[in-house]
Each structure stands twice: as structure tokens, then as C-alpha cells.
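This report concerns only the one structure given below.
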Amino acid sequence: MSEAMALNLLLFLPVLGGIVLLALPERRADLVRGLSMVVLSAQLLLAAWLYFQFEAGVPGLQFETRIPWIAAWGVHYHIGLDGLNLLLVLLSAFLGPLVVAGAFTSITKDVKLFHGMVLFLQFTMLGTFLAQDLFLFYLFWEAMLIPMFLIIGVWGGERRIYATLKFFLYTAFGSILMLAAVIYLAFTVLTQDGSPSFAFTDLYDLGFAVEVQLLLLAAFALSFAIKVPMVPLHTWLPDAHVEAPTAGSVILAGVLLKMGTYGFLKLGFPLFPDAAQIATPLIMTLAVVSIIYGAGLALVQDDIKKIIAYSSVSHLGYVMLGLVSYNLLGVQGAIIQMVSHGLVAGGLFLMVGMIYERCHSRDLAAYGGLAKLLPVYSVFFMILTLAAIGLPTTSGFTGEFLVLLGAFHAAWPQFEAGATYPLVLVSVAVLGIVLGALYMLRLARRLLFGEARAPEAEGGTLRDLGLREKAILAALVAAVFYIGLFPNDFLQKTEQAVIEYQERVWPARAGEGGQ
Amino acid sequence: MNGMLTILVLLPLAGFLLNGLLGRRLGPAFVNVVGIGLPTLAFLTALWAWRTLEAGGGAPIIETVFTWAVIGEYVFEVSFYLDRLSAVMALIVTGVGALIHLYSIGYMKGDESYARYFAYLNLFLFFMLLLVLGRSLLVLFVGWEGVGLASYLLIGFWFQDVAKARAGRKAFITNRVGDAGFLLGMFLIFTAVGTLEMDLINEAFAGGLIPVGIATAAGILLFIGATGKSAQIPLHVWLPDAMAGPTPVSALIHAATMVTAGVYLIARLSGVYLEAPAASTLIAVIGVLTAFLAATIALVQTDIKKVLAYSTISQLGFMFLALGVGAYGVAVFHLFTHAFFKAALFLGAGSVIHALKGEQDIRRMGGLARRIPWTFATFLIATAAIAGLPPLAGFFSKDEILWFALASGQGGAVWLWALGSLTALLTALYMFRLLWLVFLGTSRMEPETERHVHESPISMTGVLVVLAVFSVVAGWFALPHYLEPLLPLPELQPERAGLHMAQIIFAVMLALLGLLAASWLYREGGKPADLLWQNLQRLHRVLLGRYFVDELYDRGLQRPWRWVSDRVFLRLGDRVLLDGSLHGLAALARRGAEMFGRIQSGSLHWYAWMTLFGIAAVLIWVWRYV
Amino acid sequence: MIETVFLSVFSLGALTGAIAMFFLRHPMRVALALIGTMLSLAAIYAQLGLHVIAVFQVLIYVGAVMVFMVYAIMLLDVRDRSFTERFSPLGVAGVAGVLLLVAVLVDGLLRGEPVVAAVPVPEDAFSVGTFAIAFMDGFWVYFALAAVLLLVAEIAASAVIDIRRRGLDVAAEDKERGNG
Amino acid sequence: MTPEGLFLAALPEHLLLLGILAILVTDLVSDRPRDPFLLSLVTVLAAMAAAIGLHTVGHVAAPFPGHFSVGPEAFAGKALLFGLSIPVLLLARSEHFDSRFAMLLLSSLYGAGLMLSADSLLMLFFGLEILSLPLYALVVLAYRRPESAEAALKYLVLGGVGTAVLLMGISLTLGATGGLGYEHFAAALAGGDMLSRGAVVLVVAAFMLKAAIVPFHAWAPDAYEGASVPATAFMATVVKGAVILALVRLFGDAGAGPELLAVLIALPLLSMVWGNLAAMRQQGFRRLIAYSSIAHAGYLFFALLGLPEARFEAVAFYVIVYGLTTTLALACLPAGEDWLRDRLDSLKGLYHRDPRSAILIAVAMLSLAGIPPFPGFVAKFLIFRTVMESGLVAVAVLGLVASYLGIYLYLRVIQYMFMSPSASHSRTLPAGPVATAAAVLSMAAVLLIGVFPGVVLGWL
Amino acid sequence: MTTDVNLLLAVSGMLFALGLVGVIVRRNLLVMLMFLELMLNGVLLSLAVFTHLLGAEAGAVLMFLVFTVAAAEIAIAVPIILLLVRSGRTLDPTAYSGLKG
């Protein structure tokens, strides 16, 4: 099997699985679950294989497929792996089986539809990451909303309709302006090059006036920033997370949010470098505001899911900060932070789901001393909490450390040149790690420590984690530690793409160290 | 030999994993073997490493384990670095650590989370060894944060008590504030030097190529990190609360080893501080102030462990004073001696608490000397050591510190010396106060408690004896001279160079004065002291309130932050401004929909009128000029 | 000159008929007023030389359409509110509409001279014979299509009439259910 | 032009006429009512096949020069309109189908055919009338309640006004340019004088009325609601498509002057906002589709802003997609009494009663909302790209934002079907077999277009 | 000549406008239909003027077609009105506003 074919297979496995799924009888929930599990596991294996086949240090795309699709418009079915999407693809593939496994007992209604939607979602997410054609990208980008809309809306909590509509309408609003920008780009290519094209590589080379760039970047950035989400465009997130079923939250936090940051990384900044340079202080400011604001909000929530949701706002602020450092340290850190957040927040949501399944409450005040009641659970929860805080040896540290180092590295020369503001922002961001510890430890303290109590726990006994749950969490924790301890392999594979990124966006910065 | 340091570091980690994963199932015997055996092995390995180092004439041993990350031109390696400084630290850590593990067998007997306790303790040793052996700031930081984690876990060891869990959180958060400074300092150094290997950093700064401004900034930032870990003003507030953990933990982590990490850090990066006199001055000032203020607070504390905690803060202040005047070796020397006598004190206190079934209030003790003689004897020796009575360990190290505070060519000043001396006096005072109130005089114990008083098992008293012995002899090693090739002592101010002998005599006098004052004030359960405090009520209140720093943080930082988060971010920001505008738009759309619905009234006449209107409108529009 | 007088008189007649349509109460009288307008227009067409159109105006419009209309009026002599209250609730708005639209249209039409120069037209271009030949020559397809149109209209009308026969029972039944 | 030429060029229309006559004759001859379904289906299929065939061979002819001509675009337009009416026929089959319905539907299609080949305003007017007149009857034909007649009346009166307005416009064109050919209309478009402007704007206004653009839209919600499901489908898809395609042909290579351009921007934009918002709170499905069709008419009109060569493609593709998806949605409505099946409430919990229909309706809704990967997105993309290409970037952005307002109303339908518990009164049954066939046919086409939009675009 | 044309065009516009307004103002379905006819007559007048002016046969043909269409429209309209009156028993269109919203 050639690698390019394998990549196509990777993308289309969920679709194939979905077709088989259609044929399964609605009643046989076990078959449906088993099939999804098999499909997604196969996808994970394939992704892992591709990861190992991926050669570090080779410029451009690998395992590329490019087939004309809408010939008249120059739209191609064009996918490929590069350093920017490699890890995210791996992350999506990794979380897929875990999500399905996590939903074994929690989803009992409309099982077939649910798994169909998960597979559909997986397809669209991978498509978004793999697409190398703007039209294709947009297609997947938007299509992703549909399964998520249903997942939140059908299997969600009490206010699921409100939450899912808010999610859909919020994100769709960003997308609509992005669509305008996409169309504008499309016909600009046509006028400049004489032939229509949506290929990223062609679009990178378009030269726009700065004013136009700013408008286009604003359109793209709005869409991406909503998905990230950056303050002040984040209010859909807590609602969506709280109301979504566990699987929805996991995918949302684990992968969907990364689409926003990936969008900036792959499209937003490289397409409009001049505008990106101008907007950098603003984006930095928003990133830091997100870090602080998210941390503050997470501190005053009493809904466990909301705490983790707001923590996502904070954590993705770090990613954005890393992206706008435009040096290897920061951007590499941002990529690692994306993966790390996917694992950690995804894992935390899974764990909240597990406890919710047992106690049917997400109210922090209802719990206490779970370390006594559920020791194994607590160990895993503590590890993930610490990873969220960014304790060294966990993935969270690798990401945050590199991001902050990179950001500082970028801010210092400016400070020496007389611009204090970036340095102040970075310092505030560094202080954000304190705030992060504040809310996460509050969560851990109230949930795990103190007097042992939990709703619906008869006689104070609760069933601790089963083998399935342990396996899920063990996989996550292993990944968290692996990235914390041995990130180098990942970094080597992404480096080349990051160098290309920084040279595309801000070559002058690229020279300033970090590369 | 290659791999020696790696083995040294990994031994406790193995202990953590074994005890953490299997301990619960395999029972206390297994836990004991693993929990004691591995740290002891680690200590032996450390000795072996030290021997190897000395065999090589003190040339640093560098051991690279693996490459953590390569980013562009920057290489982040995990490597260990053994020179005399880290060797001393490693020996203290593993030595005292092993002893305290041993002590814990008796102390923690029967605790339901016995295995967890040893697992945490081993985890702590692992991170502490990473901290002291790490070659790069990054590895040091890993250990730095890791010991913080272990500290957090152990403070909150009895997590079902909310106050204890809170104390753990407080320790972690306060440390994090310091860590933020640490990180910024690290970033700054990295940006300036391009590496995080500490030996290379020292070289680079020593080369004089780095501007003083950067050195000062980096020095101050790193010092902020050190104030967090080493409980210096203004980040000292967590340490007294940390006494919520099991007492051996207080001894090991919050007295002997972890809290000295800040001292180690600054000594390790002395190259930076030599280039940053301003930062050094700041360190000296903060150090002496911390020493003094903590000592004053210790005077009025009534919890046996809290007294020791403030004493620890105070002693750490001394170390920083030494660091601030450039006497890095002296600081490490004090660190070294302090490790023994403070561990002995804490473990002695533990023994007392153990004997009294958990009683910690010194007002309800007294007259224990006869009941638990071994504990008393060792406690006495350690108290004398910390008070600076010759020829015990504390005498040597503290005297050196005061001497350099006066005479160092790198910032020695009379007022530093004066305040330090006053603190030394206070040290003797509050330590002997403690001794008097706990062991001497008449018993003030609850009858129920009194009946159960018993001497601790041999595993505990044995450790106490060993530590007491070291409290005597530790000062006889001329550690500053041993470290001098690495950490040269500062030049003396010529005009004060001759005063050393006078200073020694003066220091001894102070210690004796403290002893006398304490014995006078705290006879009969401290009645004279109470009388004295009644005359100084206001001061007493301030001291009891620990200068109200906790309250200040609560009112000045924590509550405002919660208030801002709740009122500004959540209620105003998210709910009113963001969601509010969103809902406003939605309502607008709904209104629009309703209006359009009303327009579609069903009346044919009205529809025709709309059509007419439309036609008239478009006609007027296209005919509006010409 | 005499032409202008002639045209003015019949224009006035047409307008009078149109305005009368607003105020006459009985639909039959409205129909008569409309017929008056149409006949005035037929006269104007004839004066303009469009003899064939004038003929059709009388034959088809007055003859066929209006007669059909009049039948309908007689068939449906409903003296309800539409009889007692001549004007719809939108009477005032309607008057405003008149003023607006008349102003706009008349102003526009008067200012808008045809840009194409008037061509000399042979006097008998629109006599029945000439026009019939021209029609059949260049426009015969419309004749065919007119047949289709009338066929379609016939099918449609018969379909609607057919509904009247079969539909009412169902309607009543449905209405009951809808209410219940 | 030879008789063969005449025959060939207008073959689709001839076939339709033949079909009408055949049905009429069988109806007259036989005593008992015969099912004209097969005959009408064959007729439409034959007409479509003829159109496709002639399109494929690239037939170009002008059998009535200056009045009626055919070319690739005309055939493509006809083929797609005839094709769209096939699922409508299938849909009609499951309710009130009789020979009259069939004849009226075919007649209307005949008118649509004429409009798409018209070269003069005369032919256009006549085609429009042949298209419209049967509609009034079609609306009332599903007579099950008094509202049907009311709907037909409103449609008829406002349609009559529209006819008069169109005629006024045509008359002014004649006055301004001296003729009624399309070239004269183009001259009027280009001309800046009062008569030309008035002529053009009145013609456009009449078309807006027929296509239901605000403020000429008032008849549409009522007519759609009063009509039967197949009649609604026919009006919303084929009729609307025919009107807009005819308008595109009428505009030809000409662009609008600044005054007209403003009208062509403002009113469609207003329609999008109005239709999308008003649809939000509808409780009847057909009424919802009506308002949605008002919004979609807005998008379709936007295509006129584009460069001439891009307009037909954009409109035709949009009409195909929009028509198919609307028909799909209507075809999947559960069967039952008319008033009941029209209520959105009846869709509550549909997924649990009839998952297949629910999914198909959901697909239709998402496509109508323009969410990828469904073809509605590609169609919208094409329209707005056309607008942007002609330099009206801000207008395109405004249009996109207006189209955003429509997302909610489609999501609401999905929400009802998937996320609400079944309504207590849902006595509806799954859609019947023929309607299902219509749905499957539409769905297949939708999928095909969704996966291979390039093929359809290439064919256009 | 210009005066005549202008006069007639003005009358045409007025008839057209009055026709449309009549549809709005009068409260009788049949009368409203007649006003529709009035609108068509207004159009016809302008057509006649232009036809006369330009000698355009097409104009005359269109007028002829308008007659046909008018007849066809009435032929459909009247049965529909009959149908309505049958159920609603009134010619007042305000009674037929069940479809709205």
C-alpha cells in the first residue's frame, strides 16, 4: 500500500464505516459500537503508521493526493500531510476510539445515529486538517458543524437546544465571513494567475495590498477565533461543553478547538503575512486576555464541565500566543500545546463523564473526597489536573514552556528596541500559570479532597473505574507523559513545516533566533 | 562511571512506582523494604558518586540522559551535573531523606495510606535529586516543580481534612507565583545566553559579555522563584501552613531539603549574581528581613511545629543574607548544618506529637523531659545548635554568616550585621522558649493525654540520635573551604578584616543571652513572658497575627481576583455584555420576524398596496433625476 | 387641432368612467362605467388609426369579457358588506397611493419622450386587412399560442368549476376536523 | 425555416403539447376517469430527453427569428425545469392527481419552455401567461379547504397586477426603443432616458412579483400555504426557476445601469432578510418553504449582478439544487391529513418514527441553508462568487450575512425532527411509496450533484 | 402631435394608476377584477399611442394578445370567485384573510 493511498484510506475509513453502519439494524447497539470501535481503531493504526512513515525535515507535503474535482473552478481534491497537520491528525485518530469506548455505556438512545455522527465528525475533522485546497477545507470546516449540532442537540443535557443552536449559529457566523473571503481569494487567483485555483500553495503567493489583507485576515480570523475560542468570542463554548454529551465535549475540546488555531497557523497568518504582522499586537493581547479571562471564569464556576470549558479558553490562549511569536520555539510549543490540550481537556471531560454516569451531577458542591471513594479515578484525575496546570514531565509543560519561552524570545528584542508592550503581555501570560493552578487545584481540591461525599452514592460506595475506563485513561495518561518526557520526535517531524510557516509570515522574525 | 547519576536519580522513582502501583496490594512489609531500601541505596550511590568526584579531583561529572527537545539551533538536554556543590546537596538529600524514611516507619505506622505516603516521599526524593543534579535550568525546574508537587501532595496527605487540603493548595499556588518569576528569569537568561546549561550560563556571565541590566533582571526574577520555594518575604506564607502535613514530611521537605532549593539555585547561579550587585543587595535585604521578622513571629507561636516553621523561615533568611553578601559557600554551609539540626528538631517535635497522640499546642505540654528522655536529649542538642552555642554545628555556620554580613566586600554592611545579630538573639530566645515550654517546667497536659505519653520506638529515636550527632559535628566540616574552588568567598572589607574574633565572641554572648532570657521568661509555664506581653499588647497582636500578611493577600489579591472574576468577567462580561448582546440580537431577529408576520396580515387589499408601494418606490428611484 | 379636441373629449370620457368606477355602489354600474371607459378608448384607437384594435376592443373586451363579467355579477348578486361599504379599510392609504402613483407615472411618462423618432406610418397600416396579413405573416406563431392559451384557460376554468362540484363536502369535513 | 427545423427546435414544447392533447383526448373519450400519471410522466420525460438530446448535439436554431430561438442555454434550462418537474409529478401522484392536474402542470411547463426560448417581449409575456394561468387553477385544485380558493384569489389578483405591470414595462420599451425584441430591451437597459428606465424597472418589478421578491412577495406565503404539497413544490421550484432563467435570458449580455443596479441589490437583499427572518417563526411547513423561497429568490436575483457570461450557470445550478432540495423536503413530509402534515409540530420526533424521512429532510434543510458538503453550498458559492467577480464585494458580503440569517430556520426543522419528543397528536404516517420514489430520486440527484458538482457545472 | 401623445400617455398612466388603486380601495371582488381590467386598459392606451407613433406592428399584436389574456384571466378568475362565495357567502375580500403570518 502506498502511503498516499493510506492517507486517503485514513480519511475515508469513517465514511466506509458509516456506510456499513447504515446497513446494521438499529436494535443491535453492540454491533454498532463494535463496528465504530473497529473502524476508528483501524484509523488510529493507520495514522500511527503514517506518522512513522512521515519523514522529518522534508519540505512541503508528504503522501499528497491531488485530483481535479470541480475542474472549472480549479477545485481539487487535494490532501496531504505536513508538519502542521501531522500531530493533529494523529490526535484526532487517537481520540476517536477513546470517544467511542467512552460512550459504550453512556449513550443508549439512538445508538446508530450517534455513531454515525461520530464517524461523520471524524471524517470532517480529518478532512479539515488534511485539506490542501481552500474549497475543500471550507467544505470540511463547515460540514463539521452538522454532526456536532446533532451530537449536542440529541444527546445533550437540559438546555441542549439552546447550547447547540448557539454553537452552530456562533460558528456559522464566523464561517460566513470567511466564505466571503474565500470567494474573494478565489477570484483574485483567477485574475492574477489567469487560471482558477484553490490550492493553499497558490494562495500563499498572492500579493495583496495591506488594507485588503487586513480585511481578509479579519474575516478569516473571526471564523478561526470563534472556534479557538478567543475572548470575547468564547461564550458559546461553556454552553456547548456543559450541554454536550461526554463524547461531544471530548471531541469539541480535543479536536474542534484546534481547528481554529490550526486555521491561523495554516491559513490565517501565512495567507496574509503583512496583515498578520500588523495584527500581531492585537492578537497577542487577545491571547493574553483569553488566558487571564478564562482562568478567572474557571475559578468562579461550580459546574465541573464549565471549569474545564473555561480552562480551554485559557489554554488555547497560550497556543495563540505561541503562534504569534513567529519563532520556532513558540510555534513548536503551540503545536505541542494543541495536542496536549486535546489529550488533557479531552481526558478531563471523559472523566467528568464517568463521574456523571455514576452520580448524575456536575455540581462541584455535591462532591468531595472522591480520592477516598474512587482512588483509581482520583489518581487519573490528579494526573490530568496536573497536566492541565502544566506540571513538568507532562505534555502541558512541554507546550506551555516552549510557548512562553518562544513568546519571551520574540518579545525581548522588541523590548530592547523600546517596545515594552509585548514583554508586558508575555509577563502577564507567565503569571497566568499561577491562575491556572488556582482554578485547577480548586477543582481537584473540591472534587477529590475533603470529606467524602457524592450524590447517589449509597452508603458512600461508588464503583471505581472498570477495565474499559482504566484502559481509556491509561492510554491518555501515557500519551500525556510521553509528550511531556520525549517530545523531541514530534518536534523533529513538525520543524520543517514550522520553518516554512515563519518564513512565510515573518521572515525577519525568523532570523531573530529560534531558528 | 557512566549512568551513576542516572541510577541515583531513578532509584527513588522506582520506589515511587513500586509503592504507588503495588504497595497497597503487597502490604506494609513490601512498602518498608522498597520505601527505605531504595533511598538508602540512593544515599550509598550518592556517596559513591561523591567518591568518584573526589577521585577525579573535583572536576564536574556530566551525564547526558537523553535529548528532550531540539528546536532549531537550541538543544534541550536532560543531563546531570555533579560537582562539589551538587554532591553536597545530593548527600544531604539522600542522607537526611533516608533517615526520615526510616523514622516514618514508626511515625506512620497503621496509617491507612501507608503505601501512598512512602510513594510520595520517594517521589519527592526523585524530584529533589533532579533539582540538585540537573545540569540545565530546565531539569532543575522540572525538579523544582516536582518537589512542589510532592510537597502539595504530602501537605494534603490527610486530604479529608479540608484545612489540610487547602494548606497544600496554598503551598502550591504560592510556589507558582515564585515559579512565574523563575520562568521569566530562565527565559531572560536563555534569550541572553542561548542555553539553559547552568555551568555555561555561569561562564557566559563571568565572561562579562552580558549587560549588567540583564544580569540584575534575571537575578531578581530567579530570586523571586527562590523566595517562593524558600519561603522568603513576601512569599513565605505557605510554609507555616505546610505544617499540616505529617511531621516527617515537615522535617524533610519543609525544613531540611526542599525549602533550601532556593538557596541552592542562587548558589548554583552565583556567576549571574556576581555580575548583579543590585540583585545581590536585594537578596541580602530580603534575607535579613525575613530572618528577623520570622524570628519575631516565632516568639509568640504556640504550635510546636509552627514555631519550628518560622524558625525555618528565619534560618533560610540567614542563608539568603549570606548569599546576598556573596558568601555562597557559607550559605550552603548553613544549609548543610541546618538540615541536620532542623530535621532533628522537627523529628523531635514529631516524636513529642507522637507521644502526645497528636497534641501540638505547647501551652498544653511541659515537663516532658523525663517522660521521653531520648527525644528531650536530642531536641536539646539541636536547640543548642540552632541557637548557635559552640561548638555545635549552628554556631559555625551562623557565625560565618554574620561575619560576612559585616565584612563582605560584596555588600557587607553594619545594619545587616546588626539585624542579623538581633535575629540570632531572638533565635536563641524562641528556641529555648520552646524547649522550656515543652520539656521543662510542670506538665500542663490534658490528663487523658498525659496517661498515654510514651517514648517513641527505636526507629524514631535512633534517627533522632543520628541527627543529633550530626548537629554536633556537622559544623566541623569546613564546607565553605571545601566549596571554595567552586564558590569563592568574597573579599573582606579591609577595615573590618580584623574584627572576626570579636564577632565570634559577640555571637556566643548573644546565644547565651537568649538562653538566659528564655529560661527566665518561660519558667513556670511562661508567666513572666505573659506579663511582658501584656505590657506590649499591640506588638503581641501584630506578632500573633503574623504581621497580617495572610490577611493582606486575602483582601488584596485573592478576594479582588475572585470578585473581578465573578462580577466583572462572569456577570458583566460573559452574561451581560457578550451573551447579553447575543441575546439582544436574537431578540431583534425575533422582533423582526414578528413584524414581518404582522405585515403579512392576510388582507388582499394590503398586499396590493404593498405592491403599489413597491412599484411607486422603484419608479421614483429610477426616475429620481434626469 | 380637431384631432386634439376629439382625443381630449374621449380621454375625458375614459377618465370619467374610471373615476366613476370608484364611487358607484353596485358592481353592475361599475361594469357599465368600465364599458364606457373601454368604448372611449376604442374611439381613441380608431382616431389613432388603429382600426383593427378598435374593433377588437369592442368585440372582445366589451363584447366578450364584460358580458362574462356581467353574467357573473348577476349570478352573484350578493348584497353584503362589500355592497354597503364601498371602500376597503385601506381607503385612505389607497388615496395616498393614487396621488403617489399618478404623480409618478404621469410625471415620468410626460417627461419621457420616445427617443425613437416617429416613423411615417401608412394610413391603412392598421386596417383590418393589412393588419391581418401582417399578423399572419410575421406573427402567426402568436395566433397559435393564443389558441394554446385559451385551451389552457379553458382547462383551468373547467378544473376550478369542477372543484365546486366535488370539493365542498371534503372541505366541510376537513374544516370540522381542523377545528376539532 | 423548414418545417423539420420548426419541429426540431421546439421539439420539447411540441411533446408537451402533444401530451396535453393526449390526456385531454383520453379524458374526453373514456367514460371513467383514467389515470394520466404514466402519460404525463412519459411526456415530461420525453420532453426532457428531447431537451437534453438537443443540448448534447448542440442544436442552435431560430425558427421564429426575433421571437423564438434555441441554443445550449435554452435547452439546458428547459431540461432542468422538466427534470425538476419529474419528482413533482411523482409527488403529485400520491395526492389529488387527476387528468386536469396533469394537463395544467404540463401547460405550465409549456409556458416555461416558451419563456426560456423567447427572443421578444411578446413571446416572454405570452410564455409567462401560459406559465401563470394554470398555476391559479393548480393552487385551488387541491381544494380541501376554503383557504385554497383564497390563496388562488390572492395569487390571481396580484398576478394580474404583475401582468399589468409587465405590460406597462413592455409598452414603455416599445415607446423608448421602437420594438419589442430582446435587442430593444437591451437598448432600453443601456438607455438612460426616462422611458427606458421606467420600462426596464417595470419589467424587472413584474418579474420580481412573479419570483416573490419583497415587497412584491405578499402572495407567495399565502398561495404556498393554500396550495397542495405538489403544487407548492411546483411553484417553489419550476416556476421560480423558469421566471429567473427567463429574466437572465432577457438581460442577455447587458448589465444594469446604476439606478437599476441599486434596485437589483436592495430588493433581493431585503428579500433575503425578510424571508429568512419571517420564516423563523412559521408553524406551517409550506409557509416556511414559502418564506424560504422568498429568500432564495433573493439569492437568485443576485446572480443578475454578476458578469453576463456567468449568470446563466449560477442561476441554473442554483435552480437545480434549490429545486431538488425543496422537492426532497416536501416529498419526505409524513403522509396524513393535509392540515396535519403541514404543521411543523407533526415533524417533532420524526426521526424516531421514520428515520429515513427525517434524515432526508435534514439533508434538504442543510442544503437549503447552504451548509457544506451539500450542494446548496456550492450553489450559494457560485452565486456570490458571480456577484463578487463583478466587483460588488461589499454587496456579496451583505448577501452572505443575510443568508446567514436563514440558517436558524432550517436548523429549527432539524431540531424538531431529531431533538424533540414526538408530538402527542402525531397521527401522521410515513410518506407513501410514490412520494418516497420522488424523495429518492431527488436525493440521488442531490448526492450526485453534491459529490460531482463539476460534472453538472460542466454540462451547463 | 406631441400634445396629443403627452395627453394620451398621461391618461394611460392615470388609468393604470387608478386601476391599481381601485384594487386597493374597493371592497368587492368583482369590482376589483374590473379595476384589473382598467389597469390593462391603461396599458393598452399607451401601447396604442406608441404603436401609432412608431408604426410598430408588434405593438398591435401585443394589444391583440392582451385582449386574449384578459379574457383568459377573467375566465379563471370568475370561477375562483364563485368558489369563494360559495363557502364564504360574501364578495368582501376582507373576509378571506385566513392565510396570514
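To keep things simple, chains are lettered A, B, C, D and E as they appear, and every chain counts its residues starting from 1.
To be clear about the criterion, a contact is a pair of C-beta atoms (placed from the backbone, for glycine too) under 8 Å apart; a residue touches a chain by one contact, two chains touch by 3 or more.
Keep in mind it's a predicted model, so treat the numbers as computed, not measured.
Steps from chain A to chain C, minimised over paths through touching chains, total 2. Under the contact definition, chain A and chain B share the contacting chains D.
Shared contacts of chain A and chain E, meaning chains that touch the two of them, come down to B, D. Remark: the per-chain Cα centre closest to the mean position of all protein Cα atoms belongs to A.
If you tally contacting C-beta pairs for each pair of chains, C-E comes out on top. The most distant chain from chain C is B, comparing centres defined as mean Cα coordinates. Mean C-alpha positions place chain B and chain C at a centre distance of 100 Å.
Centre-to-centre separation of chain C and chain D, using mean CA positions: 29 Å.
A separation of 77 Å divides the Cα centre of chain B from that of chain D. With centres set at the average Cα position, the gap from chain A to chain D is 43 Å. Listed for chain C are residues 88-90, 93-94, 97, 101, 105, 108-109, 111, 113-114, 116, 119, 139, 142, 146, 149, 152-153, 156-157, 160, 163, 167, 171, each touching two or more other chains. For chain A, the set of residues touching two or more other chains is empty. Chain B has residues 597, 600, 602-606, 608-609, 611-613, 615, 619, 623, 626 in contact with two or more other chains.
By the definition given earlier, chain contacts exist for A-B, A-D, B-C, B-D, B-E, C-D, C-E, D-E. Residues 166, 170, 232, 234-235, 238, 293, 296-297, 299-300, 328-329, 332, 369, 371-372, 386, 391-393, 397-398, 401-402, 404-405, 408-409, 412, 427, 430-431, 433-435, 437-438, 441-442, 445, 448-452, 485-488, 491-492, 495, 499, 513-515 of chain A touch chain B in their complex. Residues 589-590, 592-594, 596-597, 600, 602, 604, 606-608, 610-611, 613-615, 617-619, 621-624, 626 of chain B are the ones touching chain D in the complex. On chain E, the positions that touch chain C within their shared complex are 1-4, 6-22, 24-31, 33-35, 37-38, 41, 44-46, 48-55, 57-58, 60-61, 63-65, 67-76, 78-83, 85-87, 89-95.
Partner chain D is touched in their complex by these residues of chain C: 108-109, 111-116, 119, 139, 141-142, 145-146, 148-149, 151-153, 155-160, 162-163, 167, 170-171, 174-175, 177-178. The residues of chain A lying in touch with chain D in their complex are 26, 68-73, 75, 110, 113, 138-143, 145-146, 149-150, 153-154, 160-161, 164-165, 168-169, 172-173, 176-177, 179-180, 183-184, 186-187, 190.
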